[in-house]
C-alpha cells in the first residue's frame, strides 16, 4: 500500500459514487455533477499512475492526459448546462421525462 | 381405286370437314351455309368406308404424338354403319329442328360429335382414338341438353359426370398399357397389354372406361336419362352409333385374342347376360317410348359384351367373336337408329293410314332386334351362336337357351315400345315433312339390306339357317306374351304401377351423392372455401407486444439502463475472469 | 506529399474554421472544395494502402509510445470511404434541406430544426473530422478525445432541431455519450497504469491476463456499447435520431454509431485478442441477436416514420455484433470479419438514404405520422423509391450491399457450425421487410385529397436516391471493398467460398 | 464483350431499359409508353429467337460478373433456360397488349408498366441464371417487382394481400438463402450442371444434403405454391388481371416451379436425388398439392380465386413430373412448365376480359355469357379443356407424359393422383362452361368498357385468342421440331445422360 | 417561472425509479467499487509509464516543462483536438435555441462603486497573471489554458460589474479572436508539412517559439471560449455568419 494505491482507490471510489449518483439522481444538474465526479475519479486514477516513488520525478504524460481530460470535461459540462437551461425553459422541468414519470 | 395421295386427303376431309363446319355454324355469316352442308359430310366417311383399301395406314407423325389413321375390317364395318346412320340422322335433324332457334348450336355439337365418331373409328393408335373419343363424348353433351329443360340438364349432368369418369379411367388405362410414351399404335399396344404386369387392372379400367359409353351395367344410368330428353336424331346417333364406340374401344384395347383369360371371359359373359335381361325387365316398366328404346340398347349391348367375353376365352374364338360383334353392332346401329327416327316420324302422323304405314315400317327394325328370321337380327344372333361354338367353358346349348330367352324379352319389349308410341305429339317440324320421312325410310331399307353385304358366308345358306326353329320360337313366344298382355290390358297397367324410374340404380347413387353433398356443405366446404391457409401471414401477439412496449419504456429509465450497464460489465468481466 | 493520411482529418477541421469566418456563399465554396480535397486525399491513401499495405504516420515525428501515430489499413480506408461518401451526400442533401426550411417555421413538437441551421456546416465538418480522426487514430487516449469530439458534435447537431423533443433527446444523448466516454476513459487509465503505453499496437503486445486489464476491457467495451446503442443500452438512440433534423439523423445513424463499433472491432480483434476468451464474443453476439429482434419488433410498432427508421438502426446494429462470436475460427473468420464490416458499410448507405427520404417526406408533409403518408409514392416518387431501395438493402435482398453482408455472415455461421446466428440473421431480414413494407405500402395507398404538400428541393430527393442506389448496387461492386478489408485484417484468407475438405 | 457474352445481358436489358424509362414518363404519355413496351417485347422476342436458334445449334451464350470472391453472377442460355425464356418473352408481348387495353384510363399506368417490365426482367434472369446465387438474386428481384403489381390498386384489400404475399415469399426466400449458403459451404462454389453438381459428395454429407434439399425446396416451394406454402396465391388475386395472368403463368409461380426443376436436376441431379431418397417425398407433396388445390377450387365462386386454386394444383404437376425419377415423367413435368403457362394465361385473360367488359367476377354471374362474348368463352373453353387434360390441348400432352412416366418409374399411385386431379379439374371447369354456354342470361349485361367492333376491346380479346390457339397448337403439333415437347425431350435427354 | 426561466431549478425533482431498483443499484455500485478496488490493488506498484521517453526527448521539445512538452509537442495532436472540443462546445451552445432573456440567478450586471473599483484594480492584474501563466508554462506548471482561464474570469468580472458590455461575437474580429488559437494551431500543424515534414512536426530549432506562438493564440481563444461558455449562449444574436453578412451587406 502506497500513496499511489490510495489515490487509485480514491479514484475508483469517486467513479463509483459518481456513477451511482448519475444513475440514481433524476435531476439533470445532479447528473452533470455526477459525471464530473466520475471524471475526477478517472483523473485521480490516472494521476496516481504518475507517481513513481518519492525520489523519481513523476510521469508527465498522465498530467498532460488529465489536463486534456479536464478541458474536455469543462467543455462538455458547459454544453450540458446550457442544454439543461434550455430544457428547463422549454419544459419547466430539469429532468428527463422517463425519470419524472413515476 | 383411288390413288394413295388422294386417300389421306379424303380421310382428313371425313374427319376434318365436320369440324370446320361445326366452327362455321357458330359464325354469324357462315352459319346458314354450314347448316346446309352439314348433313352431307358423313357421306365422306361413307365414301372412305367403301373405297379405302383394307389394311392401309396413314401416318401423321407431326400430329399429337404421331397419329395414325388406318383401315381394316373392323374399321370398315364401323365406318359404314356409323356414316350411314349419321347421314340419315343429319338430314332428319335438319327437318326436325327447322323451327328451333338454337339449331345452329345443335349442329355445331352434332358435327363435332360426328367428327369424333368418324375419327375414332379411323384411329389406329391409342392417343388418336382417345382424342376423338373425348371429342365425341364432350360434344354429345350439347346434344343431350339441347332442349334446355330441367330433365335435360339433369341428364346432361349425369352424362357429363360419367363421361369425365370414363375419360379418367381410360386415360389411366392408357398410361398403364402403352409401352412407351411415343409408342401408341394399336399394333404395339394390344400386345403390350397382354404382357403388362398390371394386366388385370388395365382390363378392368378399360372395361369400365368404355363400359360407360357402351351402357354396361351399372354404368348405364346415363342412357335412359339422356335418350328421351335429347332431340330424336341425337338419340338415334347416341344409341346407334356412339354407344358402339365403347364396343370398338374394347375391341381395340382389350387383350382379346391375345391369350386365354377365363376370369374376364366369365365376367363379360355374365355381365352381358345380366344386361340383356336387366335391360328388358326395366324397359318393360317404362312409360316413355324412347326410354324403352334406351333400355333395349342396354340389353342389346349385353349381347355384344358376350361376344367380347367369348373373345377373352381363347384366341381361337376371337375371329368368330369379333365378326359376331361387328355384325351385331351393325345390325343394332341401323335398327335402333330406325326405331328412334321412327319415334319422331310417329309424332308427325296426321291420319290413320299414315300411322299404319309408320307402325308397319317400325315393325321391321323391331322384329330385327328381336332376331326374327330373315332379319339382320337373326344374322347377328347366328354369328354369335357360331362364335359360341368356339367357347370352351360352358356347354353352349345352355347359353344358347339363355340367348333365346333374352330374345323373347326383346320381343316383348319391342311390343311394349310400339304400344307406347304416341302419335301426333309435339314436333318442331311442319306436318308431313319429307325431311323426316325420307331419312327414316332410307334407314329402314338399310336395316333390311345392308347387313347382308357384310355376311361372308353364301347368302343362301345363311337364309336357311335363319329360318330355323330356334329363330322362330322366341319371337313367337314373345308375340304371344305381348298379345296376351295387350288383351288383358290391365296387366300393362300393372306393369305401369311397377314403374322403375328411368336411370334405375342412379337413384341410389343420387341418394349417396346428396348425402355426400350435405356432408360437403356442412363440413368440408366451409373448410375449403375459407381463408385459413393464410396462417403464415397472421400474427397477433398483442400481449407480448404490449409487454415489449412496456419493457422498452422501462429500459429508457436511467436507473434500469444503469443496472444493465453494470450487469453487463459484470458479465463481461466474469467471462474474462472465468473464461 | 505522401502523407495523404492526415488530410481527411485536417481538411474538415480547417474547413470548419473557415466556414465560421466566411459568408454563406463562401462557406459553400469552402465546403465543396473541402469535400473534393478529402476525396482526393482518400483516393491517394487508398492507393497507398492497396499497393503497400497499411500506412502509418507518426505525428510530430515522435515515435510511439511517446507520440501518437495515425494508422490506416483496409478497414480504416473502407470506413473512411463510407464516412466520406455518405457524409458528402448528406451535405448535398442538407443544402436543400436547410434552404427549404428558411422560409418556414418549424414546429417545436415534431422536432423541425430551429433557426440556427447555418451552424450545421461547421458542426457537420467537425463531426466529419472527428470520424476520420477516430478511424485513423492508433492511440487509445487520442481515441478518447475523438470520441468526445464526435459525441459533442452529434449532440449539438441534434439540438439544431430546436424543439422540446429534440432538446430532451439531445440531453439524453449527451448524458449517455458522456457516460460511455467516461467508462472508456477509465479503461484507458487502467490500461496505462498496467501497460504504460497508449499506442494501440504496443498495447497489443503488452496486455496480459490481469484483473486491471480485464476491468479495462470490460468498462471500455461497455462504454462503447452504450455509444453504439447496442441493446439493451439503446434507449437514447431512437429519440435522438428521430427528433434530429433529417440530415443529422442520417449522419448519426449511418456514421456515428459505426465509429464506436469500429473502435470495438479494433480493440477486440487487434488489441485485446490475446486475452479475450471466446465466450466473451458469445456475450456480444447474444446482445446483437437480441438487438435485432428487439429493434425490429419495436420498429414494427412505431407510429412515426423516423422513429421506425431509428428503431431499425437499433436492429441493424445487432447484425454488426454477430460478427464477434463468429470471427474466431480460421476457416470462417475472414467471412465473418468481412461480412460484419461490409454490413456497416451497406447499412451506412442505406440508413442515410432512408433518413433522408423520410426527411424529405416530413418536409413536404410537415409531419411523419406513418398512417398519414398515404400516396407519398405519387407525391415524392423518387424519395419513396429511395426508401424502397434502401429497404431492400436492410432486408438483405440481392443485389444490395446488405445481401452480400448477410451472405458472408451466414456463410461464417454455417461454417462454424453455429447455425443459430444465421437463423437470427434470416429472421431479422424478415422483420426488416416487415417494417420497411409498412412504409412502402403507404406509397400505393390512394392519395388523400385534403392533404397539403410543400414542394421540396429536388436535390434532396436526388441525394437520397443516389445513396439508396449505392446501397442497392453495392453488392455488385463488393469485390474491391472486400479485398481492401483484407489488408491488415486480423483474419486473412478466402472468404469462405472454398469448399471444406 | 463479344456477341455471345452480350446476348443474355441484352435479353435482360430489352425489358429492363423500357421499364426504367417508363417510370419517368408522365401518366398521359400512353402512346410512348405503349410503343416502348411493345418495342421492348418485340426486341426481346427477336433476341430470344436468335438465342433459341443458337442453343439448338449448341452455341454457348454466357455472361459472368464477379459478385463475391469466388462467386460469380452467371447468365447462360441452356436448353432449360430457353424454355422459360421463350415462354416469358412470348407471353410478355401478349400480356402487354392485354394490359394496355385492360388498364386504359386507370391511374398509375407508368408505375404499373415500369414494374411490369422489371418483373419480366427478373423472370428472364431466373431463366438464364446459371448458378444458385444468380437464381436467388433474380428470384428476390421478382418478389420485389411483383409486390407493387399485386397492390397496384391500393385498396385496403390489396394492401392486405400484398402483405400476405410478402410474408410468404420473403419467408420462402429467407429459407432459400439459408439453403444456398449452406450448400455453398458444403459443396463449394458450383454452377448448374446437367445431371447434377453434387454427386461427388461422399455419404458423410448426405444427412446435411437432405436438410439442404428441404430448405431449397421450401424456398422455391413458396412461389411454386406447394401446399402448405400456397396461401399467398389465392389472396394475391386482388391484383389486376394482367398481373394475375403474369403471376400465374409466367413469372412468380413459374419461377418457383422452375426453381424446383433446377434444384432437382441441375443441383442435386435426379439420380443423386433419387439415391438420397428425396424425390418420393417431393412427389408426395406435389400430389397432395394437386389434389388439395383442386378440392379448394371446386368450391370457389369467385372466378379468379377458382383459377388461383387451379394454379396451385396445376403447377405442382411440374414438381410431380420432376420428382418422379424417369425421363418420361421429366418430359411431362418440364413441358408442363410451358403448357400450364399458356393455358393459365388464357384463362386469366378471359377472366380479365369478362371482368373488364361486363363486370363479371363470379362464376354465378356468368349465366349465358357465351352468347354475349362467344370468342372469349371459346378461348376459355379451349384452355379449360386443356387444363382437364382433354386431347388435343396442351394439357393432355403433359398429363400423358406424366402418366406414362409414372408407370415407367414404377410409381403407379401417381396415376391415381392424375385421375383424381383430372376429375376434379372437370368438376370445377365444366360447370363454368355449362353456365356460360347453356344457361340463360339472368339480366342485362353491365357494359363497363367500350367494346369497339368486336365483343370486347380487341386488345382484351386478341391475346386470349392467340394463347388459346397456342394451347391447341402446342398439343396438336407436339411432335414437331420446335414444339415445347421436343425441347423438353432434349432437356430430359441431357439430364439423364449417364 | 416564466419571468425567470432558469431561476432556482429545484434540485429535488423527479424520482429515481422504484425502491428495489434503487437498492439493486446501490448493490451494483458497491460491487463496482469492489471490483474496481480489486483491479486497483492488483496494479503494478510502479507503473512503467513513459517518463523515460519524455525525458529522453525533452531537450528536443523546445520547452523545459515536461507536461507542456507532452501537451504541445509530443502529444500536441491531442491538444489540437481538445481545442476542437472546446470550440465545438461553443458551437453547440450556439446551436441551442436562442434564449431571449439572460434571466440568470445572478440577475443583470450589478453596478456598485466598491465592485467597480475592485474590478478596475483587479483587471490589469489578472491580465498580467494570465500572461505570466502563459509564459511560465514552458518551464513550470502553467500554460495556455490556465492563462486563458484567468483572462476569461477577468472578462466575466468586468462584465458582471457592468464595466463593459458583452462581447459581440457576431463581430468579425471577435470571431477571429475566438478561432485564433485553433486556426493557428491547425495552420502550424499543416503548415509544417509543406516542407515535407509530418503533421505537427515543428522545426527542432524553432520548436519553443512555435509553441509559444500557439499558446499565445490559444490563450486568447480559450479566454473567449470560456466567456462564451459562461454566458451559455445568451445575450446576443448568434447567427454564426451574421456579422459577415452585415459586412457583406454594407459593401
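Per-chain residue numbering starts at 1, and chain names A, B, C, D and E are given in the order in which the chains are listed.
Following the convention adopted for this analysis, a contact is a pair of C-beta atoms (placed from the backbone, for glycine too) under 8 Å apart; a residue touches a chain by one contact, two chains touch by 3 or more.
Treat the numbers as computed from the prediction; the structure is a model and nothing was measured.
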Problem set entry | Contacts common to subunit B and subunit D (chain labels) | C
For this session: Determine the shortest chain-contact distance, in steps, between subunit B and subunit E.
Result: 1
For this session: Using the touch rule from the top, work out which pair, C-E or A-B, shares more C-beta pairs.
Result: C-E
Problem set entry | Chain at the geometric heart of the assembly (C-alpha centres) | D
For this session: Using mean Cα positions as chain centres, tell me which chain lies farthest from subunit B.
Result: E
For this session: Find the geometric centre of each of subunit A and subunit B from their Cα atoms only, then give the gap between the two centres in Å, rounded to an integer.
Result: 100
Exercise. Once you find the CA centre of subunit C and the CA centre of subunit D, what distance in Å lies between them?
Worked result: 42
For this session: Averaged over CA atoms, how far is the centre of subunit A from the centre of subunit C? Could you give it in whole Å?
Result: 28
Exercise. Hey, how far is the Cα centre of subunit B from the one of subunit C, in Å?
Worked result: 78
Seminar exercise, completed: The positions of subunit B in contact with two or more other chains are 556-559, 561-563, 565-566, 569-570, 573
Exercise. Which residues does subunit E have that touch at least 2 chains other than itself?
Worked result: 16-17, 22, 25, 29, 32, 35-36, 39-40, 43, 47, 49-50, 54, 75, 78, 82, 85, 88-89, 92, 96-97
Seminar exercise, completed: The positions of subunit D in contact with two or more other chains are 163, 171
Exercise. Chain pairs in touch?
Worked result: A-B, A-C, A-E, B-C, B-D, B-E, C-D, C-E
Seminar exercise, completed: Residue set of subunit E touching subunit B in the complex reads 16-17, 21-22, 24-25, 28-29, 31-32, 35
Exercise. Which bits of subunit C are touching subunit E when the two form their complex?
Worked result: 1, 3, 6, 10, 13-14, 17, 20-24, 27, 57-62, 65-68, 70, 114-116, 118-119, 122-123, 126, 129-130, 133, 141-142, 145-146, 148-149, 152-153, 155-157, 159-160, 162, 167, 190, 192-197, 210-212, 214-216
Problem set entry | Contact set on subunit B toward subunit D in their complex | 26, 61-66, 127, 130-131, 134, 138, 142, 145, 148, 153, 156, 160, 164-165, 167-169, 171-172, 174-176, 178, 180-182, 198, 524-525, 528-529, 531, 533-537
Exercise. For the complex, which residues does subunit B have touching subunit C?
Worked result: 545, 548-549, 552, 555-556, 558, 561, 564-565, 568-573, 575-577, 579
Problem set entry | Touching residues on subunit A, where the partner in the complex is subunit C | 8, 11, 15, 19, 22, 28, 31, 35, 38-39, 41-42, 45-46, 48-49, 61-62, 65, 68-69, 72, 75-76, 79-80, 83-84, 86-87, 90-91, 96-98
